């Protein structure tokens, strides 16, 4: 076992060995962390020259952090912050992820996946608002669907889009249920169950609204030996 | 209030006024009823010359009843029994219901709807095994979808078929979730929630595996003033 | 496949083919959409002379939109906005929908159905606050119940009204469970399950609080060939 | 504390003080008890001359017990066994319980309540198969409903009967949801929630299929000082 | 059917026949009603000299109503409002309800039951904060428990109090689960299920936090013929 | 890391290091294992002279194993098998576990805890059938409750026993919910939630029907440094 | 749209275009299909020389089919049948899937994934019975974990294995919750939720017990452009 | 029964006998109590010289109390207040509890356990932010894990930490699921189920976020005779 697998801050143990083991640095999930804790963490990443990625960070928290870390950037839709870097793409240019979303209200989750892929140096394209209620919006985009290495489908409500997309392509599909819906949607449960019960085999589902997790999984798929 | 709204048998009160009020006779739901009770009920319908329709009747129960009521017919898939009648169609010939089902395992529920419509004198057509995993099976049938007066969609698993169909047609869609699935399908809950959260508006959902209810609703829709 | 099935705005793909396919224009569900997105969408509808219908739009959002689109009208109870039009009724004058609601607190959902029908050019009548705890309120209205082409029942709590109404009429019943209740009501779940398990066959259920969906379904039923 | 509050058998502690405290003897719930345990218990009741009441006892278990205790009687529908006694009625003759049930399939639960009341020496009347789908069956029985001291309503499916009955009478209503239903009924959950959310105040709900508990509660209500 | 079973206001149908049928006047559940609607309703009750009882009314709503109806009283804990009346007790002086509660946080629900009984002219006594964690608090009060005609048990968390109380007395027990708890309490679900599964038979359960319903049921029990 | 932390059989990796790490040998959970797999495992334990403990083993499976391993003993109630050993008690004689159960139907789970403690060399006493419906059965046993080092409470239905016991003693209480109940008990869920929401602090809950886990936890508590 | 996207049998529409679109042939899910239907389907596959793969087929069904199709092979653990083929591996020899399972009872699901990969021509290795209760069993296998292109983790109970594995490797992890557990496991729900909430990002979850879906997803990942 | 088992304040019955029975004083759970009620209670504890411990008290409530009780201290993370005391440790110096937490967001719950142990005079050590996604953080701390008398594991999300820790040690493990997570975490349900289904036997689970209960249980374990 190697000596220094993690860095002990006063509020957290940063897993500095994660890049070696898993291929990406530890990412900071912000809910439940105080400004002071976040500052300590940001400071550590900055000083150790590691790429910092903050997820689920509310704008007013970001704005406070920004005062101490003026280089920090923010993606409003995705509620994500990071230090901009000159990452060149990790994979050959034609290898990319396509992010497909069903409705306008699913876009924030789709954008979290997009930002995650950006930070990881993966090329991503978008195909938004192509829900199955008007299926032609999807069908005319079949060439786009077929040329992606991996597809992330982001959908709320009945989440029917995941099955339809997966039935049209060879590439692996990552399904992200969203909490977009009401009533018997039960905050995303309906979409989650729909995606887990897909009639089109070969879909990997992540947690409700977990655009970040979908981005990491897509990155790992492209990295697969 | 009119005198005789129901007939009092020793085991049941038959609602003999239902046809006048609702447009169809009382239908007998068999689970939980003994052979003796069913015989009493059959006898009543036969003697009062009312059309009898028995739903969810297991084959071995039917076979016992058949001994006393040799004219009784059985639809094995639908688990339904009835006395055959010379019902002429209630509506003009082009007015019909289309029953669409997603997978082979959904057929028994689709057939229950079909038998129900038959007994009620409504013309019904079938379009089975057109689930969205291979969406062309559905798309090539768009003319069939468009010429129906009303469509019953029967689907288990992700039940995505209901949204896709409803997005393609003008006619009202009745969605029947089925218990066909496993694991996180929770005996039909996943399909039910998916259909209730459809992104294509204008769908009326009935209970899980309730082909009978879908048939009645379709009949009422055709009868609407 | 026809050329232009949808209009690509920067934030949404408007399904401009929906009227041809489904008989009604795309309707805009507002939660999760920003003011800027809504303005873009309103502008598109206005310029392309399509009837605009915005659902679940909070009053303060409406008031901001109103500044750019002074003709926009708002129904406070239904939280719906639209441009007023001279729609003449689509169906012969006696064909109408009756909207029945159980309690005062169910009225906003009932009104969403009412506004939806108005926008679609369908005549609708109202019968509010006739819950079964005092069943005479309902029974004295049987003539009203019987002359409607289709009935929308809006009810929270035990939602018993749907079964009682459906047992009294020939016309199809659309049931809308509401989130009106507390404790073991679980935000509408109790009403939803009650309506799905109706003992009076021939009811189509829509999502909790989905007055809009009920309106569309009623419209489609009247339009059925 | 008095000396002997319970009798210690080798398999159970019989609460022989219950009659003094609660007004009725301990009742034996049979699931999970072996024949040998039941024999020991029967023997104790018989020898100590206490009235024995066995609930949820399957017929084949009863038949085995019957060999050792030939006086034991069985109610097949209610799945209950007891030693017949010359109980005279506990209350004046006009004080009685009315047991109302919605459908034929609810009868076994209604009968469990009926047998329980019999064993306790309470007069009970029955009004079965009066579900709200044909509400006249109930309305013509309003005099019967009004003259009962307390009403037990037994209903599955949407359980709408409880609210309708409670809205018609002065007497307290005990509601027993049954597991009679399928699909989104979830083994009685739908009926239970419906009854807990009644729009007609003054209903006490017992567990699903718990006819016994309803009987005890009705008895306690009649006994109330 | 008698002519005037209800009064038609512009926002509600007041069930003015309820006292005759059920023994108590219609009670107004306030959530979801606007100030204007409440004023109309108050005005009707005042002018028709019916006793008004408003439940679940927030203090600031009450204070607005108070301006138009200066005689209106408010019980802060119970969040209930009413016009004070010189109700003399309906029953002989020793017939009373005992309201037992488990913890301090359950008191608002207990008070709603208390106010309800007051308004109905029923004598009620209180025994608060006697949860089973320190069971002596309850046991020393057995004489109090035994002399009540009916007991209302109000408890959150594990709701164990209902079973313990019911095992000590002859009188009927009404159990009110409260939403007092956290985590796996799921807003009262744990208490509700506990009370429905009581090992001490003869308990009638009402909805979570439904002190009002418990009061009505207790009143009906005392009124039982 | 030490060389041989586990033994690799063809069907399982036996964790032969568990005794050193956790203080007890690996225990074999039988559901889902074939006879052949169980024979391989038994053979390994026998030959390596490790104490074997098989949980949840059905009688007919045990009887087949018995043919190859004639020394194997079986506890019918607990459905557990083991090789008898001359374990002397691990702790001083007054240190013991008390197993308290609510009803007769909870005894199998209580016995699984009892057998587990026996196999581990821990003295255990029993106090069965002392549910709170007749609380005196429990209260007269307070001396027994107070002299145990740790108490395991096994209860189904409302599981109120756990709170009452924990409020009477200094020792830690382990609560085992059982699946004993019906209807809204949901196979043990009601008991589980009740125990997790105990109003008497200091209770550790294990899975539904998990007598084995309770036994292990009690053993670990006695072993605590 | 190409002419023949599917083959119409009398009981099913076989999606004969799936290989072209998705990279694998239609697979036959057997529950709910009759022997006659399965024979028709087998016959079609055999005559059209397509590879046949039958999932969830019970042994006695297989044995009946075997009479007509003597070449059909069966994997008992996985409950899968197929015609053996000389598939050469689709990918370079070092690219392989590692199937990791937590306990012996998870093996049937793991085997379903294994058979699926075999049929698809993908090399798969196994690492069974390495649950985290004895974590060394997993840690000594880190080299094996690290050299796989993709890992399928199959686990029931707490399903903690998925997170631990994913935290150790660069490759994508597919998590398959199993129904192996009892009590509060709720037939796999506990494992499913655990895997969806993994603290180690980059996991794609499939339905409970869905070894087949995991195999397809793994195959698609290896095939990713 | 001894005379004064509790002290009757106007708002609460303080269980002043709890220390004698259970080994610790009554603790005050603050949600739902008014400032006035809390002041009465504080005053009682202060005057009767009992150690006061207030849990789940929001800072602004504390600050109001502080004005009347200036000695009152507050732990912000744990949201707990108490009068500082010179408690010497209750146990020999090497006997201590180790509190292990998975992520930064779990710290408030861990701190509630820590403060509880402090108030009870029990030595506690902390090992925070050692979740299994980077398992080395935990493994390098095995000596720390092994020398504790009892371990409290606090974890949200998949809660996998509990099983891994319990598989490494002899001491009893108390598991505290936290509500830290989102989507399919359902406010702690996922963590709770995971911990109840642990594959490493001997874990006692407390309610979601119940750091206090874990502290009490740990104290009782150390106190076990």
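As written, the chains take the letters A, B, C, D, E, F, G and H, and residue 1 is the first residue of each chain.
Simple rule for what comes next: a contact is a pair of C-beta atoms (placed from the backbone, for glycine too) under 8 Å apart; a residue touches a chain by one contact, two chains touch by 3 or more.
Worth saying up front: this structure is predicted, and the values here are computed from it rather than measured.
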Handout entry: Partner chains that subunit A and subunit F have in common
Key = G, H
Handout entry: Co-neighbours of subunit F and subunit D - touch as defined
Key = E
Fill in the blank from the handout: Maximum distance between Cα centroids and subunit E occurs for chain G
Completion exercise
CA centroids of subunit B and subunit F: separation to the nearest Å works out as 50
Handout entry: Distance between the centres, which are taken as Cα means, of subunit G and subunit E, whole angstrom
Key = 56
Problem - Separation of mean Cα positions, subunit H and subunit E [Å, integer] - result: 35
Practice task
Find every residue in subunit B that makes contact with two or more other chains and list them.
Solution key: 21, 103, 133-134, 166-168, 183-185, 189, 192, 196-197, 200-201, 207
Practice task
Would you mind giving me the full set of chain pairs in touch?
Solution key: A-B, A-C, A-G, A-H, B-C, B-D, B-G, C-D, C-E, D-E, D-F, E-F, E-H, F-G, F-H, G-H
Exercise for the section: Using the touch rule from the top, collect the residues of subunit B that touch subunit A in their complex. Expected result: 102-103, 131-135, 157-160, 162-164, 166-168, 181, 183-186, 189-191, 193-201
Handout entry: Complex interface listing, subunit C residues touching subunit E
Key = 103-105, 107-108, 128-130, 133-134, 136-137, 139-140, 180, 182-185
Practice task
Under the touch definition given earlier, write down the residues of subunit E that touch subunit C in their complex.
Solution key: 1, 5-6, 11-13, 15, 17-18, 21, 26, 29, 31-33, 37, 177, 179, 187-189, 192, 207-210
Problem - Complex contact set, residues of subunit H against subunit F - result: 18, 21-23, 27, 94-95, 147-150, 166-174, 192, 196-197, 200-207, 212-213, 216-217, 219-225
